[in-house]
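Structures incoming, each one as structure tokens.
Two complexes, one shared chain (chain A), two partners (chain B, chain C).
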Partner chain A sequence: MDLLLPLIDALSYILILVLIALGLMIVFGMMGVINMAHGELFMIGAYVMVVCQSAGLPFLVGLLLAPLIVGLLGLLIEMLLIRHIYLRPLDTILATWGLSIALKQGIVLIFGPESQSIASPINEMITIGDFSYPLYRTLVMLAAILLIGGTFWLFLKTDFGLQARAVIARPDTAATLGINTRQLYRSSFVIGTALAGLAGALVAPTISVDPQMGLGYLIPGFLSILVGGAGPLAGVLVGGSAVGGANSLLTVWISPVAAQIAVFIMAILVIRLRPEGILGGRK
Partner chain B sequence: MLELDSITSGYGDARVIQDFSCTAEAGRITALMGRNGMGKTTLLKTVMGLLPITSGQILLDSAPLERLNPHERSRQGLGYVPQGREVFENFTVAENLRLAALGSSLDHLDMLPQIYDWFPILKERLDQKAGTFSGGQQQILAIARALITRPKILLLDEPTEGIQPSIVRDISLQLSRIAKETGLTILLVEQNVDMVKTMADDIAFIENGKMMEKCLLEDLGPDDALLHRYLSI
Partner chain C sequence: MRPLVPLLILAVLFAIAPLFVGSYWVSQLSYYLIYGLLALSLSLVWGYGGILCFGQAIFFGIGGYVMAAMTKGMISPFLINSYLSLFCSVFAASLFAVILGYFLFAGKGINGPYLAIVTLAIAIVLERLMSNWYAMGGYNGLLDIPPLNLGLFWFDYELWDSLPIFYTLLITVFVIFAGITLLLKSSYGTLLTALKTHPERLAFFGFSVLQIRLSVFALSAAIAGLSGALFVTVDGFASPTLIGFTLSTEILIWVAIGGKEMLMAAFLGAILTRFAENWLSEIFGDYWILLLGILFMISVVLLPKGLIATPLAALERKLGVRL
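So, the complex of A and B:
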């Protein structure tokens, strides 16, 4: 039973990481935008919960508002910033990095630099035999699985997804068939940001909410994409599992900092030995 | 009818197409011929909006297109079969066709029986990934995909490139039949003399990005003098 708890914790971390990396991957795969502010959108999702909690709103209202507000913010960012720099990855790094600093400082100005805590809406534990685990964390995992499944379904099984994948593969050809690539970019960017906002809101009660929290997910998120390779979606699952699993499990035996260093070294080794990621085949 | 009026375009500062004017008459097949590097593909990309136009006008049935985005031009009635086919290799045949309908209108899926009648191979291989197709089969798929958008004019960029001669002939005959049956206007950019002679009504010649001459197929001259002049064959 000693290993079960860390394993489930690792799974929970992996699921959130995959959720964040999916948003990053959609935006990068489709538009060539490396969104350094993705972690801050995740953070703002958590801060929406802070505001809702202090306003006395029910937890579920916060869960609805977070993706809406962060999605709207995403729309604004797309219209004012991102659409001017599509398909210019280097410029997007600089622009979104600047944006991430601005968002972080904005939050510091409003809420201060200290960390906030969100009360868990459910305090019960799930108990099976002599093993017990917080019910809320279990529900977050289920929600993450549903969201990941929903994102896969959206991109692999729907007409929207068919068009999005066409735009990823051959943007010009898709446009000559009458597909409005700009509008697809915009909707996908908003979907990616809304996912980050919802992820932030979901995990807010399980972590400490502070202005720096985004980076802690952004970097492993990028590593997951690099390590996973192959096909935008499946690669994120494999990469997220490898990076998140290793990071989370290693902290059982060594300090979090040492675990992170170990994960970085492992990621470098993977990328050195398999430059196209674990699944290979990435262009 | 597609009218190109004094078009100038190119890549960056390099002008590839200069003051080019040409008309593809409604219901006719116009072939645009010229050697490699003369600007044929650049011209079609400019017409589709994939390359910016520096000056000039593009009129489709008198409506100006030059300020529209590629997807708007497609919806106005330009059907485009790019050089190298550019089918979506990871999509099945059915998905490739559905995508084209999504770009125009899902109602266009009623055309599928007609498309399968023209190109039976597509019906047989609906669930096969386009990437497993031969060059000729991919070309057929790319043509079918453009036809699903119900274009007023079909722009074909070197459809015979890298395809076996027997299939080139099949495709030419089928396209002529489709044009005859539906009254579709076609602008064909091609170097393959056999295909042009099988299909075209009018032939235009391009050299160094300039329109040189246009004639009826019958008027190519004794021993295809114009072909010799502009294609060096």
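So, the complex of A and C:
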């Protein structure tokens, strides 16, 4: 059978998953905050596209607006909610869960519970030999690679990234050395949410957009982080590839439900047997 | 016996409630009692044991499905006795908890946020599994589950009407409530406090942390399993939502809003949230869920002890009693 198509589909799913997990990871790795509303921020990114499409705005404007609006929302969330509970990491799970319920229901109230569809801006296919693939999906993959690369560059090569990593490793020492940790937390949180919004906007034309879509990405996203290891940023790449790749490829051979069950169970086993993740070293 | 006084007052209030409300509300109160029992199980494992279980419905669902399968005669037509089925559902739920708990807690173990994510993932897996297990009803669930039969030997006494159901549940729930309350006053309660606050020191004193953690996990699962088993006999219907993710998070919200570190507050949290849902969803319609989410956030940020536990604790101090 032809393996190329499932492999490319798997790659495309992996890249989106990594993009979502990256936002989760920045927030979790840095502040220990588990953001259960991350999937809903991804969803809102997609809904920004819905609004833009019905307002007749060009696709690129939507791509620009989605991270801006979701990032702004992230700033609000940080200021009103997360800021007060940095010192109670377990409570962030609960508070952001409440937020996720409220955001989901807010979308239901505005747009209704039914799923929305977004027209793909580009309908051409690219054809190499006798193999063809939608051009838009290819572009989404390229954009995802650029975004992932950009985030890595930001956190590994810039002064901001150096400070951020200092805060992750030794928050108190970093604060003593004059790094404004609270400010850094805030900007990282906004970057994480804006990434989720952009990811939602990018993939909106390729999936069905509905108020429940967030959870389907949140749990695999978390499992990716935990499987890869919450320490180094590169853990997300490994975890995302393992979870996303296995899910996508298993779906080819067994039913989607069985594939998901198998992937969840495998992920739980990995998390249990290697609590530091595949990449994480011994502490 | 003093710790049981507030409990007794609450039980009496419940017992006289059918004098004032119609049969619709009596059957609603039966459901509330079951949800309250479920909330007690989560309060025990989370508020007292310090284990944040995001998948408490796992045990509720196991209890419910085992009860349904046995009383419907799907295991064997001779094994349909209500008492035996109740015992088996409770046993199955706690057995699953021991196995799962051993897997999760033994050795280095996982805890904190990791545990929350993993238990959540397990709840999702089980929900998917039950939706696709056609022998157990699949997505449509099991219908026509017979009611409780309190008869012994040659007598049959099936609970069909709302009043006998209500009083049977009332007695069951409050006996268990009292049992947990007394257990937590005993030295076991002290051990749990130690487990929650300083597990390392507990180990230094020669206690097996794993054993205590497993015991509270299994006890909580047994109570959740019992409430699941009682639920299907009242509802007559077992579906994959019983074991799933949505119910798990709902229980969490009841207990967090009420107050996880106080059994009474968790119990009332479940009952009042369900009551508010019944009552307010008529007024606010779809806005109710939005309101619940916001209320949940406020309660976590501003009143981490719980919306009900905080005033109850103030009342305790004022009256000089322990609730």
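The definition used in the following text is that the second predicted complex is superposed on the first by the 276 of 283 C-alpha atoms of A that agree within 3 Å, B and C clash if a C-alpha of one lies under 4 Å from a C-alpha of the other, contacts with A are read in each partner's own complex, and residues count from 1 in each chain.
In this section, a contact is a pair of C-beta atoms (placed from the backbone, for glycine too) under 8 Å apart; a residue touches a chain by one contact, two chains touch by 3 or more.
Please read these numbers as outputs of a predicted model, since none were measured by experiment.
A.B. asks: Identify which of chain B and chain C touches the larger number of residues of chain A.
C.D. replies: Greater contact footprint in residues on chain A: C.
A.B. asks: Could you say whether A:90 touches chain B, chain C, both of them, or neither, answering first, second, both or neither?
C.D. replies: After superposition on chain A, A:90 lies in contact with chain C alone.
A.B. asks: A:162 in the overlay: touching chain B, chain C, both, or neither? Say first, second, both or neither.
C.D. replies: A:162 sits against chain B, while chain C stays out of touch.
A.B. asks: Of the partners chain B and chain C, which touch A:174 in the superposed model: first, second, both, neither?
C.D. replies: In the superposed model, A:174 contacts chain B only, not chain C.
A.B. asks: Considering only touches as defined above, state whether A:73 meets chain B (first), chain C (second), both or neither.
C.D. replies: After superposition on chain A, A:73 lies in contact with neither partner.
A.B. asks: Once the structures are superposed on A, label A:27 by its partner contacts, choosing first (chain B), second (chain C), both or neither.
C.D. replies: neither
A.B. asks: Which partner does A:213 contact after superposing on A: first (chain B), second (chain C), both, neither?
C.D. replies: A:213: touches no partner chain.
A.B. asks: With both complexes superposed on chain A, which partner does A:270 reach: first (chain B), second (chain C), both or neither?
C.D. replies: neither
A.B. asks: Could you please specify the touching residues of chain A with respect to chain C in the complex?
C.D. replies: So the residues of chain A in touch with chain C come to 28, 32, 34, 81, 84-85, 88-91, 93-95, 97-103, 105-106, 108-109, 215, 219, 222-223, 226, 257-258, 260-261, 264-265, 267-268, 271-272, 275.
A.B. asks: Please give the residue numbers of chain A that touch chain B in the complex, ascending.
C.D. replies: 159, 162-163, 165-166, 169-170, 172-182
A.B. asks: Residues of chain C touching chain A in their complex?
C.D. replies: 52, 54, 103-104, 108, 110, 112-114, 116-118, 120-122, 124-125, 128-129, 131-132, 245, 249, 252-253, 256, 286-287, 289-290, 292-297, 300-301, 304
A.B. asks: Note which residues of chain B are touching chain A in the complex, please.
C.D. replies: Against chain A, the touching part of chain B is residues 48-50, 69-71, 73-75, 78, 80, 82, 86, 88-91, 95, 98-100, 102-104, 145-146, 149.
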